[in-house]
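Below you'll find a set of structures to go through.
Shared chain: chain A. Partners: chain B in the first complex, chain C in the second.
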Partner chain A sequence: MGVLIPAAGPARVARVLAGRALQGLGVAVLVSGLCFLVVQRLPGDIAYRIAAGRYGYDLVDAEAAAGVRAELGLDRPVWQQLLAWLGDLLQLDFGRSLVTHQPVLSEVGYYLTGTLQLAAVALALAVVIGGTIGTAAGLRPASAIDRLTDLWVATVRALPAFLLGLLLILVLSVHLDLLPSAGHGGATSIVLPATTLALGLSGLVARVTRDAVVEVRQSEYVRFARTKGLGERVVLVRHVARNAVSVLVPYLGVQAVVLVEGVVVVEALFSWQGLGHALVHAVFWRDIPVLQATALVLALLVVAVNAVVDLAVLWLDPRPRRQAVTS
Partner chain B sequence: MTTIDPTLVGRSRTARASGAGTRIRLASAAVLGVLLLFAIVGPIVLADPAAQALDRYLEAPSLAEPLGRDEYGRSVLARLAHATRLSLLLAGLCVGTALLVGTSAGILAAWGGGWIDTVLRSVSEVFVALPALLVVLLVAATADGGIWALYVGIALAQWVEYFRVVRARAAVVLGSPAVEAARLLDLGWLHVVRRHLWPGLRPLLVTLASLGMVTSILAMSTLGFVKVGLQPPRAELGLMVTESFPFYDVAPWLCLAPVTVLFVLTICFLGLRRTDVA
Partner chain C sequence: MQRFRRASAAVTIAMVLGLASGCGQSQADVQGGDTLRVAGPFEVHSLEPTASSGFFTRLEVAETLVTADLEGELAPGLAEVWTSSRDGRTWDFDLVDDATFHDGTPLTPEAVVNALDIVRKDAASPLAEAPIDQITATTSGVRFELSARHLTLPAVLTHYSTMILAPASYDEDDRVAEMIGSGPYRVDRVELPGTIEVTRFDDWRGTPPEIEHISYQTVGRAESRALMATGGEADIVWHLEPAGRQQVEATDDTELVSTLQPRTIMLKVNNEHPILGDVDVRRALSLALDREAMAEAVLRESDLAATQLLPPSLTAWNQPDLAPLEHDVDAARELLEDAGWTAGSDGILTRDGTPLRLTLLTYPDRPELPALATAIQASAREAGIDIEVEVTNSSEIPAQHADDTLELALIARHFALVSDPLVTVADTFAPEGSDWGVHNWSDPEMTAAVDALLAGPSEDRAAALRRTVATIAQEQLPLLPVAWYRMNAAVSDRVEGFVMDPLETSWHFSRVRWAS
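Up next is the complex of A and B:
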């Protein structure tokens, strides 16, 4: 970061961060508003429910429910309740899980680590797999490798994450008995979920890398590098790969949404202790505090990844700034 | 998915002959037609998908029952037909709604400009960062396995794709000299929409819609698979996969049938998109 900020210009960095912060705020309000809607639409009178929780089902009468309603302000108009709800959100007051009765914040912290581990490993794997395939295809356009890459991209796009995961479980855990199919234990348990996610993401990475490599290889600076007698390997590493990466990185931001969706499915499938797993169970159990917190963190994760990608793009490719200064 | 897969939407590859592209699209359309026929005629002709015959538990495929029977002795073929119909119908409804809302909002933003554009763009910025599955999960939490929750959730997650693409394209078309001339001639907004906007937008919308069908069908089956979408005993492709998975050892065809349909459906819709659209 120390190198990053002076290179990109603090004003630009600040503008990028401010834009993303605004986006994050909008996302938070939307997700929280949807959760509020969930609560409003729950069957039954919520005041009776809470009163029953407090005093026991035998002691609930209309009077107790009315007391709860007055105390919690449930008789206010809906928009006032929504404002109070959003106020709680601003104070980071997520309450306690309705199922485990733990404070939601500490639970979410635990799940977030699991998700981040999984996402990081998957992203790295996807870049390695997709980057290798894409570079191989881009070096020989219209060859057999290129056509195979096309097929790979289409297949991966058409296979939903849960089918890919099932396929891997069948082959690697059931038939070959190499890896554990589920759980959150030893070091091997991350292999299957991460591979499932990575294969899904590798399609787009391969496609973008391929197109970038083809384009960069036709550029004048690559032709010049060859003309001045650089070996093919040096040209690939120094000139082609470096420039192709600056094209690829913005697409990783686009992939953040896909990554989060994949995380939800893959975690549920492999029972990996992460936010997606918690989210699906919260929906299942109607555990609203956990539902709101996990959905919020997952959505903000997308914004955060995009902010990082924005900064990385500024750092990798500072050209627009220079243009703005000179023109 | 709320973001457009840029490489799938617009890739102009000069290396590939356009003849091959046309052939792929024709083949996709043909296979899709067969599946469509199966989805329309199947539920009418075939037996009741919910009719159980517990004595015919996990019956192997035969001539009378080409895909065998499941763990309750229900006809897998009949269930498959109903599931395919449901997938296609609901996906079509979602894509249609998202297309209508997104396109109108996009044209409105490009045409109106000013504060309309600013407001709509800020709203879309928020939706872009929101994973579709998250929206659907949250909406699904409001209703137990209701079709409406799925419909609202998927459509809500998808409209922004159309909005962004249409807004960008419409701004270019509306700023072109041809439209300027039409305005000077006072030909009216209907003329501009029909003769300038629609031809410019149509190929993009076809591509987006076929990708949207893939996304919707996959989202539905994924939700069914994690058991927060439609509820049993409804026949749905993702649910059928989950339900049949425990019997994989003894009856692998149970699992293969919905997986094959799902895969063929998505491949066909992917094949249907125009690869030559910029």
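Up next is the complex of A and C:
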């Protein structure tokens, strides 16, 4: 998270955005260049890998690989290939997938949509579940609720997503017949994968919320709010919740990034089409344009999430935000 | 400020809801009970015929000139009859009447020539290997002019890559932009890599199928597929693993259907390798393999242990009276001792200071392969052979074949990629070697037998030649057969009339009916 220098409102927002935009540009160039070099250094012949991705293991052979090599000009020197790609990128031309022939933009866009849908719903659910539990525990430290929360946190953190997902499928899909177990299409098919991710995440959200609530409640400004006669509800909403949230939001930002990048197992279990899937396949098949575009999108997404977190904290944090107050 | 906050909260909620509903309503949701829901592990990578993994011919969207029936015999597809000239270099295929593409245009000889000319430029298609000079349109169909006799041409034309698509399917670079076929089903929606939805094509020239909608969904995890089958979420679920099979067998309203596939799991051997070049070492390795135990443990069916290279499902090729491959560790050790290998201190055999150590490559696309590879490793260890298993990309095997660094590879070879196994057998034993067949091995008798078969002998003579091929393969062991392969599917009792085609030329859903 960037350091926020107190300044006038809009100027500060512009500064955050400009900083992040510059960071985004640098990250984009670095990541795509690195990606290209890493793929070149991976063991195995690229043409053979692409041919295996395209035609499957029953049809991949030396002729298919030679066909791929000639078609894609893979025998050109590496620097020429990199320059060609950078040139296309400057014209915002991401090219086509070497394996599926689909335009890279539409392919990555498709997987990105899947990932963002899943991450958004999972985060929202995690905040609702974890936030509620954490607040309840934080309001009564060392009570039965607090101990139950500890148990909840330990349980959902200890359960691997794969097992949690299977349990949810067994209960909600096979036995109760409420939700489809796998697939990517119907509006209901997002519920199980999102819940699997949300439950795992809710443990940490509950933990962070609980600690933040306990800390804020012991703070002097909360004691002052009580002393001046504010009701417990108002204290909670106006002072405790708001201050606790400004701790929680940066933490959620980090989790959002983890969700976007690291949910391959859950995606596979529920046949949800997301960026994790795209990235794994692109590496496996040496589908360089898709790999570079995916890595680029992920890198920019990290920058974007951080920018959103900065702005959210700027907006939420009740601490002084005007020059006049600090001076 | 207050108003702004409320507004932004509303926007946030709308965004989350919008994202969730943005997933869209699929046909399967809308149609509910009218849709045949199919799930399988394979992904739809592309609309390109050669890279389509056969999805569109299996779903009967696109058709080929020639097809194969359930016994693997050639059957008319878009071509009603075909004839060849006496020298086998000119072939005429007469097209069926009244065939139309899904865009309403008639299926003309010119459209067939267009589709085939595009695919034969694709090096991965089996059609690219046929010695075709040119394909021309005639009044009643198409004519192939070849530079050499090629009797297996009709069999090659059963391969899915030779599907005939409407001229409007292709873009200016001859890439398939839209899948416009001529089969009983037309494509409604394709969402790469996981979803295909098709609907009955009402102008189909044959008997209209009963099932109106079919949806195919890729479900990569075997556990998820088994749960979909037992939970009634899919009507047909392809490829269940042992645990899932047991689950399905314990469910009342789902039946497990299976058939032997013409696929053999085998060890590809570098026959010029300093160690493996010795036929006695290959025989010893073969004797060391406890195929029955491996088949029982990994494939959960001891009958799948291979006793020879070509599986019983290839009735013309399998030789039931051939002496079966056996498991005998003592005999294996004796053979190795005779070849000069003696036991070292760690139990691994050595000769002239070189340990009997080999690297075995395999690939994870078929989940049973890595498991079998480790079983082979354990079996070989008992005979004093140390095998290091390396699980990698499937393409590493042809790549290492090309640069001659391959030692052993565990592969699953499909012997009927085109309906006549002769095409694949000929490739497997090609004297110059084959990416998915022999490596640095040739035998004049084998080459003569295969060449004689390709020349189209009488049926009696062909049977004798096939026996010669099977016998030489068994004696010389240029490839070590490990197991045969059974494909399976869970089929819901909502449907009847499901048949399983071992060649997977088609899934024959146009024959399936709703159970009454």
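One rule holds for everything that comes next: the second predicted complex is superposed on the first by the 185 of 327 C-alpha atoms of A that agree within 3 Å, B and C clash if a C-alpha of one lies under 4 Å from a C-alpha of the other, contacts with A are read in each partner's own complex, and residues count from 1 in each chain.
We adopt the following convention: a contact is a pair of C-beta atoms (placed from the backbone, for glycine too) under 8 Å apart; a residue touches a chain by one contact, two chains touch by 3 or more.
This structure is a prediction, so every number in the text was calculated from the model and none was measured.
Engineer: Between chain B and chain C, whom does A:Leu170 touch in the aligned arrangement: first, second, both, or neither?
Structural biologist: After superposition on chain A, A:Leu170 lies in contact with both partners, chain B and chain C.
Engineer: Taking the superposition as given, does A:Pro160 touch the first partner, chain B, the second, chain C, both, or neither?
Structural biologist: The first partner, chain B, only.
Engineer: Of the two partner chains, chain B (first) and chain C (second), which one does A:Ser246 touch, if any: first, second, both, or neither?
Structural biologist: Touch partners of A:Ser246: none, neither chain B nor chain C.
Engineer: Tell me which partner A:Phe270 touches in the superposition: chain B (first), chain C (second), both or neither.
Structural biologist: second
Engineer: Pick one for A:Val280: touches chain B only (first), chain C only (second), both, or neither.
Structural biologist: So A:Val280 only meets chain B here.
Engineer: Look at A:Asp61 in the shared chain and tell me whether it touches chain B only, chain C only, both, or neither; answer first, second, both or neither.
Structural biologist: A:Asp61: touches chain C, not chain B.
Engineer: For A:Thr113, using the defined touch cut-off, is the partner it touches chain B, chain C, both, or neither? Pick first, second, both or neither.
Structural biologist: second
Engineer: Considering only touches as defined above, state whether A:Ala295 meets chain B (first), chain C (second), both or neither.
Structural biologist: In the superposed model, A:Ala295 contacts chain B only, not chain C.
Engineer: Taking the superposition as given, does A:Ser189 touch the first partner, chain B, the second, chain C, both, or neither?
Structural biologist: second
Engineer: Overlap of the chain B and chain C footprints on chain A, residue-wise?
Structural biologist: Touching chain B and chain C on chain A: residues 166, 170, 268-269, 284.
Engineer: How about chain A: which of its residues touch chain C in the complex?
Structural biologist: 44-45, 48-49, 51-67, 99-102, 107, 110, 113, 116-117, 120-121, 124, 166, 169-170, 173-174, 177, 180-187, 189-190, 268-271, 273, 284
Engineer: List the residues on chain C that touch chain A in their complex, please.
Structural biologist: So the residues of chain C in touch with chain A come to 15-16, 19-26, 28-29, 39, 45-48, 50-51, 53, 122-124, 128-129, 175, 191-195, 217-221, 223-225, 227-228, 230-233, 363, 365-366, 392-396, 398-399, 401-402, 412, 414, 417, 435-436.
Engineer: Note which residues of chain B are touching chain A in the complex, please.
Structural biologist: Spelled out, the residues of chain B in touch with chain A are 1-3, 5-8, 11, 15, 122-123, 125-135, 137-143, 214, 218, 221-222, 225-228, 238, 241, 245, 248, 259, 262-263, 266-267, 270.
Engineer: Sort out for me which residues of chain A touch chain B in the complex.
Structural biologist: Residues in contact with chain B: 22-24, 26-27, 30-31, 34-35, 37-38, 41, 141-142, 154, 157-163, 166, 170, 204, 207-208, 211, 251, 254, 257-258, 260-261, 264-265, 268-269, 279-280, 283-284, 286, 291, 295, 298-299, 302-303, 306.
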